[in-house]
Amino acid sequence: MPLDALVYPRFEGIPTFMRLPNITDAHALDIALVGVPFDGGTTFRTGARFGPRNIRVQSAMIRPYNPALNVNPFERKRIGDFGDLPVNPLSLEDSYARIEKGLWPILAAGATPVSVGGDHSITLPLLRAVAQKHGPLALVQIDAHSDTWSTYFGSHHSHGTIIRRGIEEGVLVRGAVLQVGIRGQVYGDNDFEFSRRNQIAWITAEEFHRKGLAAVEPKLAPLRGRPCYLTFDIDSVDPAFAPGTGTPQVGGLSSAQALELVRSLRGLRLVGADLVEVSPPYDTSEITSLLAANLLFEILCLLA
Amino acid sequence: MPLDALVYPRFEGIPTFMRLPNITDAHALDIALVGVPFDGGTTFRTGARFGPRNIRVQSAMIRPYNPALNVNPFERKRIGDFGDLPVNPLSLEDSYARIEKGLWPILAAGATPVSVGGDHSITLPLLRAVAQKHGPLALVQIDAHSDTWSTYFGSHHSHGTIIRRGIEEGVLVRGAVLQVGIRGQVYGDNDFEFSRRNQIAWITAEEFHRKGLAAVEPKLAPLRGRPCYLTFDIDSVDPAFAPGTGTPQVGGLSSAQALELVRSLRGLRLVGADLVEVSPPYDTSEITSLLAANLLFEILCLLA
Amino acid sequence: MPLDALVYPRFEGIPTFMRLPNITDAHALDIALVGVPFDGGTTFRTGARFGPRNIRVQSAMIRPYNPALNVNPFERKRIGDFGDLPVNPLSLEDSYARIEKGLWPILAAGATPVSVGGDHSITLPLLRAVAQKHGPLALVQIDAHSDTWSTYFGSHHSHGTIIRRGIEEGVLVRGAVLQVGIRGQVYGDNDFEFSRRNQIAWITAEEFHRKGLAAVEPKLAPLRGRPCYLTFDIDSVDPAFAPGTGTPQVGGLSSAQALELVRSLRGLRLVGADLVEVSPPYDTSEITSLLAANLLFEILCLLA
Amino acid sequence: MPLDALVYPRFEGIPTFMRLPNITDAHALDIALVGVPFDGGTTFRTGARFGPRNIRVQSAMIRPYNPALNVNPFERKRIGDFGDLPVNPLSLEDSYARIEKGLWPILAAGATPVSVGGDHSITLPLLRAVAQKHGPLALVQIDAHSDTWSTYFGSHHSHGTIIRRGIEEGVLVRGAVLQVGIRGQVYGDNDFEFSRRNQIAWITAEEFHRKGLAAVEPKLAPLRGRPCYLTFDIDSVDPAFAPGTGTPQVGGLSSAQALELVRSLRGLRLVGADLVEVSPPYDTSEITSLLAANLLFEILCLLA
Amino acid sequence: MPLDALVYPRFEGIPTFMRLPNITDAHALDIALVGVPFDGGTTFRTGARFGPRNIRVQSAMIRPYNPALNVNPFERKRIGDFGDLPVNPLSLEDSYARIEKGLWPILAAGATPVSVGGDHSITLPLLRAVAQKHGPLALVQIDAHSDTWSTYFGSHHSHGTIIRRGIEEGVLVRGAVLQVGIRGQVYGDNDFEFSRRNQIAWITAEEFHRKGLAAVEPKLAPLRGRPCYLTFDIDSVDPAFAPGTGTPQVGGLSSAQALELVRSLRGLRLVGADLVEVSPPYDTSEITSLLAANLLFEILCLLA
Amino acid sequence: MPLDALVYPRFEGIPTFMRLPNITDAHALDIALVGVPFDGGTTFRTGARFGPRNIRVQSAMIRPYNPALNVNPFERKRIGDFGDLPVNPLSLEDSYARIEKGLWPILAAGATPVSVGGDHSITLPLLRAVAQKHGPLALVQIDAHSDTWSTYFGSHHSHGTIIRRGIEEGVLVRGAVLQVGIRGQVYGDNDFEFSRRNQIAWITAEEFHRKGLAAVEPKLAPLRGRPCYLTFDIDSVDPAFAPGTGTPQVGGLSSAQALELVRSLRGLRLVGADLVEVSPPYDTSEITSLLAANLLFEILCLLA
């Protein structure tokens, strides 16, 4: 259980995720909150390597009971701060190997990993590890960008290529990938060609602003029943609510919309999740880290 | 009347609330804007002691006529900056005594106090003073938190206990308390037990996002006709619009929603009001103080 | 065409608008992006002189294809960064002369100017120049303020008087001026007298929040067919989304609303446009400049 | 006397200079602290119009007794906050007339003005007014720049031309002007030609770093005995100690050096002083305003 | 030993002081780094309650070997992060009791406490506890203020009264208290009366700027040999180097001077130390927390 | 020549280094200012990829004549902004190849490169290119860190290994490398073993604070006459003066010391230079970029 704020004020103590104990034996956990502080796959503003640290700090404000979903995840599940996976700030390839290997003890122990980035490039090794355990995965991706580029600067790996790689490698199931919040300029209409060809469904931010959850519900059907992974890129939210991110995109979701969107995923068979692209150097007043901490709590509630 | 911006530019002069004259004789006033710079009841981020100062500065941008309500409050009422009530930064109990006593000359002179915090703990002595004048009060509380804790660290007084104390002390009328904007995690479902038992009505932020003013209107009925107090905690607004506060909570109101909510309170018999929890150290670009100044102006329009 | 981000990362290179070539021969251009870094007409917070510079920097994030409107403006039109018009920071009058004269080569070459302020005072000399080329202009003004003051400190020119001057001078067509986003206090109801007398149509922010584009559509009719100018004051957007501005006004548009509003102007016969009042010193996390860059891109799409 | 911080905490009350009473009758004062919030003479970063406001706020930290000089100026002199002189943000010329005229009542009453800018352009009308009272003036100018340009953009008046104008107009005495802290690049060696021709003495920052007060003492001789004015441009101090200024120049004085330099001026016959170029929008953590408040206090000690 | 940065990058992991293990059994430690996040004794700007948290974060940059003193404290002593002492944010008195009691296990186990504030009021209960173990203490206080007030708002306890209380209570030895860095205005010369009467030695910042360590050396003699406590108030350093503090005072030490001053204390018999008044909300670029982390390291080197 | 600020104000125009023309033909240049926006070799805080962009912006404040050295470099040499070298944000190795190749046209044309980073890892490929032209190089390194690590995370290349690699590869001359400003903790005394073995001379910050230039002069002797490269790591300067950097180290040089140190290098036979590690996301008030621009100007003066 989180530290009791009536005994230890919220500004007190060594900052772990949600003031949970630091537990590095995954067998003692049902859900492992784990940091992945790698931002070497970033193409514009870096800084997401400090995401886990700052989200830990802001998560001190989380209280345990969710009245919107009527659940206290800490009562239902054993949840702890597993610490950070080791990464290599000088090499994307080596970091990919370390992340995939680092996640394995959690999966092997039967715990569910909820990872905190880091930039979006970390999601590919996380997907690889989870798919090794659970088989090919359905995916809900809440994001401003589709991340389906082929290559960037000759590299197959970056924070903009993970979905294409995931489909190509077979860790994601064709026809069971849903993207919500897509918006902004792209290089051309053929940027969507890969998505069309591979039956990736998407809901633009504009459509979500108009229709709300009604746009999402029908498109969740192909994902239901399958082992499903949730990846939440904080840039799906508007820069007013989440300024601290690497490639901010205007016209995004409000924090209230983001919360209700995550809550609407109840019923999916989630086997893993991550929240990425919080970049603290750009996070004035720390509101992005605070929102991220709340979204992580909502994800815990989905899992509980 | 406020200083004329066509003679003295808005960036000029000693900053009083809305550039009004500093008047310390309450008999010359119908409405007294008064600062209460106490933040010793805060459980997380402090800084609200600087609220009155920074809201004074930002209120230089307020012009006198409200086209949305078709009223110029400065023409209808004698309004002035009464200055700040004396507080003791080292003692909550002594500050409570000073605040209650400090407000009395305003009430005795028949003026209506509009107080600017400070943290939410100041509302209890303010309620006590106003109730001494007007009898038990109905209350509209616009807030992310219900502030109905029993104790905190053994203390009966903090920014999270004021409503419970107000009910228990009889300064608030059971059945005539309405809370709007409630959201976020709590410690358990029994956190709402006190509210249920004491007929506190509340509208969550989620409900307000869905239904808007339609959710509010019917619940105002029990308050009408009674002497009513309005307390506006700036954390009812989302951190994107009001980052400068002590316990920010995502998923909140927009500034437009906050304005329309205050305007919808026309018709209540307001005998006092406060606006609390603006914490300038966290107020990037000073947008929280600016919003607070505008909300104070809307409150003046309600009173006029 | 903008620099290719797959060859030159977005953080690289000398920052021009949208990474376009710097072209000072207007004959080589269909559309000229041009900076007008003057803020001597400002009555509260200055700093808009740095608007062009910072918007150039943030516009590095713009990609070329707009999926919402299905257009790549850089394929359809020759667009370049024309540089900045010369201004005199010590004299509004001299700057007005320089701006009007500086815009002329663009118009004479048959190119369409899209100007980046600077404060809103620059719009008058821009309108004068464009009207000299195209005759009296219809106007869409997206703004929190109507800018119809008569004088300010004895001066006929400031960022609050441009619309009155434009009407009086005949560069704007009576009955073909539409203002969207108007809100906030004014000095009295007679502030709207000039607008009523001169058939300026306006849609308040409150009305836009309630009705959306449905409020706008019917009021565009009198503008259609005429040569039309678009002026976008960034303070039309709420301070949460655009903190970096000189006279921020709460209760404004979201970034998503601003984008859909600009997109809804398709079909007007635009002969010029500007975006003004971005004040970088107040632009935490640079989200205002980023929004401005996106709005400029949407304007380019309207023109393409 | 300043408000007693043992009764009213420093964060309390309407912010006047040093928490002194606001007194607009100069006959009640020996020394008048007066704001001059004009920044229309600025050639790079503006914002000094907010200088008086923010220095008022930070001056709440000043206590009354100076142990370094063994003096309590508030015991020896009647000192008050005279408010701000009226300025016109749209016109340098009109502001010059207002400033000169606005200062006159202070001088006429026999009080000594200590003015708080505003940019450095305000010093010329202040000098004119003081010289009208006391005759041609000796000058100590603590500054990174010599401010002896001839014109800027065709204008004779800006924050870079005041010393040349003062000499030319005869309000400053040739041979009795001393500049300390000069540094940084100029346009050419002939930038110093005017100074040489007019017997302006100067001590560069480099020389002051090497020799300290020993460099200053001998050059004060020609100023002694004459009515003398002190103008302190905060950019004389290094940007590390005073980031909040319009044209910061690296290699400057430390705050300790600035304090000792002002204290070393004891014995001059000061008849007026100003402190200029504090630009709050760039003043992170408000350390520039705080330093300015302390320097103003030291100036009061010189006068007492 | 601190986490190896060649295996775990510095931005990785749950932030403890200097990346040391969190050890709550004092018998396993020679030196206990312990947080005391209380700021309820603050009279101006609060926020020091977040000091331990942010200093933990910045201390990730500390490497183990000090070439200036030729020592690796982690090789010589068992050092760990003891966590934070429990405090009560609503009550100074209760916090005093908790702090004194909370420190006792460290002292009882024979470990040396190095405490991290928190505001300076925490030093009194820390001194009480240490004196209970070691008897009356000599004291080196590096500070801008002498903290010898009698009372503040009727309270005997605040961050400005600790030294007077320590002398009065006998936990400090008359004649063996040395203050370095004192500067700034006071209320009158009699503010120093207590110090004179009680043989408190002090070196002003002005004297230290002139003479350097030569001013300190002779005044350390009476402290040598005795059990000695070191209290370092970060406001001894100039606001340019340490903006993040509650009552900043210009004219202070540079970071280089602060380091050499601490290093010059070798040879004292230190039995405890603290570093206080780091206020993160005002700490732009986090340089104050970084300096604090380095000063803590230098204190560890003194103890090793 | 730089743009004339009397015709185009400093806040105007597309920001090139020192407002020089963008010239990509090196034959037209004697000195090429060139950006190298790579920060993939960073081990703590990233962001130096934005260094060239922000230093360009701040360099608008540079005027052409240096009174301290009595030189106008723009009159003596043809100097231009060469733009940025292409880098690959995803690969250090590929970036190394691009940088070395990208610098070659400048060297081949006989121009002297003055490079602007980026993190310090860029210096190795720059040294390689310059040594290919001029043979093994003497080096002046102004830096807080010696950058002589062997490997980091298994990689031979990072911002901490460049000097060791330069010596090993023979691009630097044993016995002709001087480091100034070294300070802070290391991992152990054997961190200096490589330097001792390879006759790297160094002057610690502590020594420089005590002796000033007198410490430097004698150690320059072995460098004189040889082709010499100057690398200036901005973290040599104290965080108070240069907060915007990746691995800030307290106790560093002041800006005045940094300027005099660079000026003292007159007489060396400089064939290339760089300035690295400016990280804009941490650069409050932009004072680091401003200092960097001034240091670049001083380097130009050395070369002219």
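Which chain is which? They are A, B, C, D, E and F, in the order written, and residues in each are numbered from 1.
Convention: a contact is a pair of C-beta atoms (placed from the backbone, for glycine too) under 8 Å apart; a residue touches a chain by one contact, two chains touch by 3 or more.
Model, not experiment: these values are computed from the prediction.
Q: Using the contact definition given at the top, which chains are in touch with both subunit D and subunit E?
A: Common contact partners of subunit D and subunit E, which must touch each of the two, are B, F.
Q: Looking only at C-beta pairs that count as contacts, which pair of chains has more of them, D-F or C-D?
A: When C-D is set beside D-F, the one with more contacts is D-F.
Q: Can we say the copies subunit B and subunit C touch using the same residue numbers, with more than half in common, or are the two sides different?
A: Copies use mostly different positions to touch.
Q: Which chain's C-alpha centroid is most distant from that of subunit E?
A: C
Q: Let me spell it out: compute each chain's centre from its C-alpha atoms, then which one is farthest from subunit F's centre?
A: Centroid comparison gives B as the farthest chain from subunit F.
Q: Just how far, in Å, is the C-alpha centre of subunit E from the one of subunit A?
A: About 41 Å, centre to centre.
Q: Taking each chain's centre as the mean of its CA atoms, how far is subunit E from subunit F in angstrom?
A: So the centroids are 37 Å from each other.
Q: Just the number, please: Cα centre separation of subunit B and subunit F in whole Å.
A: About 55 Å separates the centre of subunit B from that of subunit F.
Q: Can you tell me which residues of subunit A touch two or more of the remaining chains?
A: Answer for subunit A, listing residues that touch two or more other chains: 9, 11, 43, 45, 49-50, 88-89, 152-153, 238, 240-241, 254, 282, 284.
Q: Chain contact topology under the given definition, line, ring, star, complete or other?
A: other
Q: Provide the full list of chain pairs in touch.
A: According to the stated criterion, the contacting chain pairs are A-B, A-C, A-E, A-F, B-C, B-D, B-E, C-D, C-F, D-E, D-F, E-F.
Q: Write out the stretch or stretches of subunit C touching subunit B in their complex.
A: Touch list, subunit C to subunit B: 43-45, 152-153, 183-189, 191-192, 204-206, 209, 238-241, 243-244, 247-248, 250-252, 254, 282-284.
Q: Can you list the residues on subunit C that touch subunit D in the complex?
A: 39-43, 45-47, 49-50, 88-92, 94, 152-155, 157-158, 281-282
Q: Taking the touch rule as given, give the residues of subunit A at its contact with subunit E in the complex, in rising order.
A: 7-9, 11-16, 22, 35, 37, 49-50, 52-53, 56-57, 81, 83-84, 86-89
Q: In their shared complex, at which residues does subunit E touch subunit F?
A: Where subunit E meets subunit F, its residues are 5-6, 9-11, 61-68, 70, 72, 238, 240-241, 254-256, 259-260, 284-287, 290-291, 294, 297.
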